[in-house]
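What follows is chain A paired twice: with chain B in the first complex and chain C in the second.
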Partner chain A sequence: MANFPAPKSNLIIERSSFKHQKSRHLAYISGHPLNYAVEVLLPGAKSLPDSLADVSPTLDDFFLIRDLPIVEFVGEDFITKIMKNGQFTALSVGTKVDNDMVVAVLPTGHLILSVDKDIYQVLGLSGKPSKFTGLDPARYMIQIDLFSENHKKGKKQYDRIIWALKDRLNLCFNFLLSWEPGDGNVAGLSQLTQLLDKYKMEDVSVKAADTKRKFSLIPELNSCQKLKEDESNGAHNIREVFEWIGTVSCDSNIAGGPEEYSSCYTCPEPCVEVKNLMCRQWSGLITVSRIQKMLTALRSFVMSDTSTPWAALTVHGFEDAPISWWKNEHGYHKDGSNLYTFVVFPDETYWLYLAVSTHDVCP
Partner chain B sequence: MVKFYDLNIPRSNDAVAQKHTLKLAQRLGYEVVAISETLKYGDEMKPAAPPCDLSSEPSGEKLQQLSRITIVLTDSTRTDILRRSDVKSYDILAVQPTSEKTFHMACHDLNIDLITFDLSDRLEFHLKYSNVQNAWKAGKFFEICYAPAIRDATRRKHIFKAAAGLTDRKGGRNLIISSGALRPTELRGPYDVANLATLFGVDENSTKHCVSSYCRALLLKAATRKQTIKSSISVNYMSDIKDEDKWKVRQSLKESERDGGKREAEEKDEGEDRKGSKKLKAR
Partner chain C sequence: MDEILYQELPRQSYANRNLRTGDGEKYINHFMKQKLGDKAASEIVPHINIDKDRKSKSSKPEKSRREKSSRLRRKRVLSNTDKKEMKLFEIPLEQHRYNLYKPLHELWLAYMRDCLSHATKDKMNLGVKLLKCDLHGSLIQVTKSKCPTYVGVCGILLQETKNTFKIITEENKLKTVPKSSCEFTFTVDELVVTIHGKHFCVRSSDRAMKGRMKDRVTIDL
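Presenting the complex of A and B:
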């Protein structure tokens, strides 16, 4: 009775090189489409370098559309004109994944509905019970492949989906949408607005927030260090480095020292002092391609700039997203975090941390 | 819907204070609340009062308000109070046993939804596992209120002791936790209540169920007590079926507004089924 363990969570750590043939860094980025924040941590930099400002997410816009029926995403016109002509991402906003119904559309053309038992029994689409609700499922996942051959006018599957989403229960939500038109499609956005002009659509821009600190201690990392090396050799505890990056991003890095009353947290040893430490966070609906461009720019910056010993790029997924990586189910028990961090070194190697919470399939 | 429920907000004579409590409950994330009246033996039972008017608040109408009556059982021979017609006007029927006999009776014999306890003093009787198990099999739920623990340190001990008795072997499978809050400051958010359930001894995966799924199951059981015959059949007129549900009943495809149409459909039914058993719309 006296032992109250914390809810389980998983932290996966990988170490590889960007140039390695079997490196999975691109797969992890492209497999995690529903991102709400990206952060860059640059020890030694005073301000955001130009190479990163050129690929900053503030250049992207995304849209908030109110009371949009889900059936709009399922129509053949919409799929052929918009979804197949670029990277389209949508997520219902204001809905909680442990209470309400959540809807997401992925760039791969999948429509994901996370519904509770009452709606599932009435809706009429087939799905699988959630992995996190035990023997008597209270939650179901419906996944529809909108790019499949069977999803065309006249086919049974198409008619059934339209009937369920429109005639059976005409479900409407507020959505965050993002669309990157494919190559050569210059007039793309006007097509999207034309198709959805009967609904209230607002342009939303990505917000940026800064955390700068002078004269800070940072861990002195060695890219050749193995993940499970003995700390007495001067190696770092990999988990403590991740925790340190987290304290900087939460702006709670009050490293007072062992005698300090309010916080006896110290920077993981060995550490080195730097004159500047820059951390910038962008929040909004961040697309996969933007993150890939940022990682490429960060890699070249770290290689070229001598004052930056290493850099970190953290991407946070939506806490209320129905999926985390690929089509793995994501739930919210007491915590809904699904995030990953790249620690990039000048010799093109990296450490990758993937953190998921209780109701998450290990990626 | 697996929403968050708070099934015990005592009715207050001060309408403004009640409104504040309900507003805060909605802000904290609760979507369904039950406003409860306590009835001691000798008091007159009144029919359920209408819900508090929250139409002036932004999204105040989204908060679903239910009515609940808690009957204090002091005498095991006097259970006629449960059979009064006014009881049907309440959504949830709860009893509060005060002795070993009344607790045994509540778990075995009475047709009720919820068993609650007054934990301002030490419970005078033990929570025998056989009674708890019987109540679970009958689909009845137990309730623990956390607001008394906030008010007084001595009551905290009693609450934890009672909760430990209820979660002893089954891990709190039919335990719901509600506030019992007399003031808005005694309310806590649903995730905090789920963490409190961990301290009570409820299994980690089931802690959120104490404020969501089990409450939903309780309301479904209460609905079967109110609206159905022996929890298996309910009878409705075909003209009462909503438009979006008409596809479920084959006869209602040809819509008819006349009463004659209703009778026609029922006669067709009897003709088709040779054994003569009537097909009723079962809920």
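Presenting the complex of A and C:
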């Protein structure tokens, strides 16, 4: 029988403290702008605490625009009024990263186009071959820095980009947009709607979903536990904890036993029983600053609330995003997962899991 | 010194002076016998090759001179490599002006209209006809390329080599575009013609002579 190895995937685990000077938690959050869902897991809590509800992503708006040409993002007017004036994120929806063209605009001012070979040869913008297609590349990544000095009216590069996206191929996509205006901005969102009033714009709200359990077993975690797999002194295998968090968020049956028919999965040892367990997931286009706010709220909640031994915050990136962390290429092989989880402890230490799939550059 | 000079010659050296200079063979036989003895001489002498015909010897340099002169005469026609070395194919920088070649384009348009007026509407025949046409002077554009910076280069075709097109653009720049990795289009009135450069790597003269190309399956670059 043929034995095919499982496709390679990466899981990176870090342990640090939020107070530590060189802690990289903010860098990892801000480097991952295309977020599809955020999830909070609170063992011991009956319902979502007010401190977290105050910063929940439902407060944010994001939009869906149909048939928007990419060239709208590249114009100098749009860049100075919108992109340099706040945090702007956009991602094409309904396009698959492994066989379509995918477009994203990052808050850092980069336009990312992941295109297949045929479009690349016609479009006339130079890019780099994808890292995952071998010697005869079938996919190319084009990255354009919209904040660069050369991206101004009258410059050659600017004219070329406008020409390629407007006259050469006028590519239109459905886009998800989100924009947080900067502090000094009075006009607010109306500025964005004004600029794009030619196109159909729909408000989309963030969806929330709850999972609640009673009298559930949770793993008993020790923040200073060694990260290496060392089961001799009764400590957890740290990867099993990540697996457990995943099963809870999927709302699968975790109270099985060895004689259970459908699943014999049990909570990793050692474990304790808690009265309540709650998990809430928000999905939509979630901004980086929202996640940062949520993490600070979660930190203070875990510190103040005695009934919660620890808490977890998981962020999922879009499956079909062209990038994962920073400008690292992201692809879709067997799955397109790119996610990270913070396990937060009362003593301000945290564990950070970063998980990427096969066609991903290790962050 | 004087004593040695005016001494009598040794007897041997003038004993055979009556031998004429012409009889080389005889002289050598005699000389060998004298130096080596009868037996050894009879063995060696047959192997010595004496050039009997002195006339032919003197005529040899004359012939080579004639050869040389003929070679020189042939060299007056320049070979392709010579032309390349003398930079006859290169268009001097002061002639890199788009406006200079506009009349060439007009001329080419007239030529193409004339060519196509005789052609049938059948696409297969039209293709064969177009293959035989000269493209110098056409307004040609790169529509697809493996290297994206070539895409959009547009101008009048000035030179066609086996593997490249040399195009002068409206910015008065002469650009050399490789055929093999690009796709080109040109228009004659309403007819838009696409050239798949990969299958077009032929010298323009050969193309006109052959008039037919291999059918290829792929148009992928």
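Assume the second predicted complex is superposed on the first by the 360 of 363 C-alpha atoms of A that agree within 3 Å, B and C clash if a C-alpha of one lies under 4 Å from a C-alpha of the other, contacts with A are read in each partner's own complex, and residues count from 1 in each chain.
Assume contacts are C-beta pairs under 8 Å (C-beta built on N, C-alpha and C of every residue); 3 or more make two chains touch, one makes a residue touch a chain.
Everything numeric here is computed off the predicted structure, so don't read it as measured data.
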**Asked** On chain A, do chain B and chain C fit together or clash when superposed?
**Response** clash
**Request:** For A:N99, select first, second, both or neither according to whether it touches chain B, chain C, the two together, or no partner.
**Result:** first
**Residue contacts on chain A - larger count, chain B or chain C** = B
**Message:** Under the stated touch criterion, which partner chain does A:S126 make contact with: chain B (first), chain C (second), both, or neither?
**Reply:** second
**Message:** Looking at A:H333, would you say it contacts chain B, chain C, both, or neither? Reply first, second, both or neither.
**Reply:** first
**Message:** Quick one: is A:G154 in contact with chain B, with chain C, with both, or with neither? Answer first, second, both or neither.
**Reply:** neither
**Request:** Kindly classify A:R168 by the partners it touches after superposition: chain B alone (first), chain C alone (second), both, or neither?
**Result:** both
**Message:** Output the chain A positions appearing in both contact lists, the one against chain B and the one against chain C.
**Reply:** 168
**Message:** Could you list, by residue number, the parts of chain C that touch chain A in their complex?
**Reply:** 143-149, 151-152, 221
**Item:** Parts of chain A lying in touch with chain B, wherever the complex brings them together
**Value:** 1, 4-5, 7, 98-100, 116-119, 134, 138-139, 168-169, 333-334
**Message:** Using the touch definition from the top, list the residues of chain B that touch chain A in their complex.
**Reply:** 1-4, 31, 164, 191, 194-195, 198-199, 201, 204-205, 208, 212-213, 244
**Complete:** Interface with chain C, chain A side, in the complex: residues 120-127, 163-164, 168
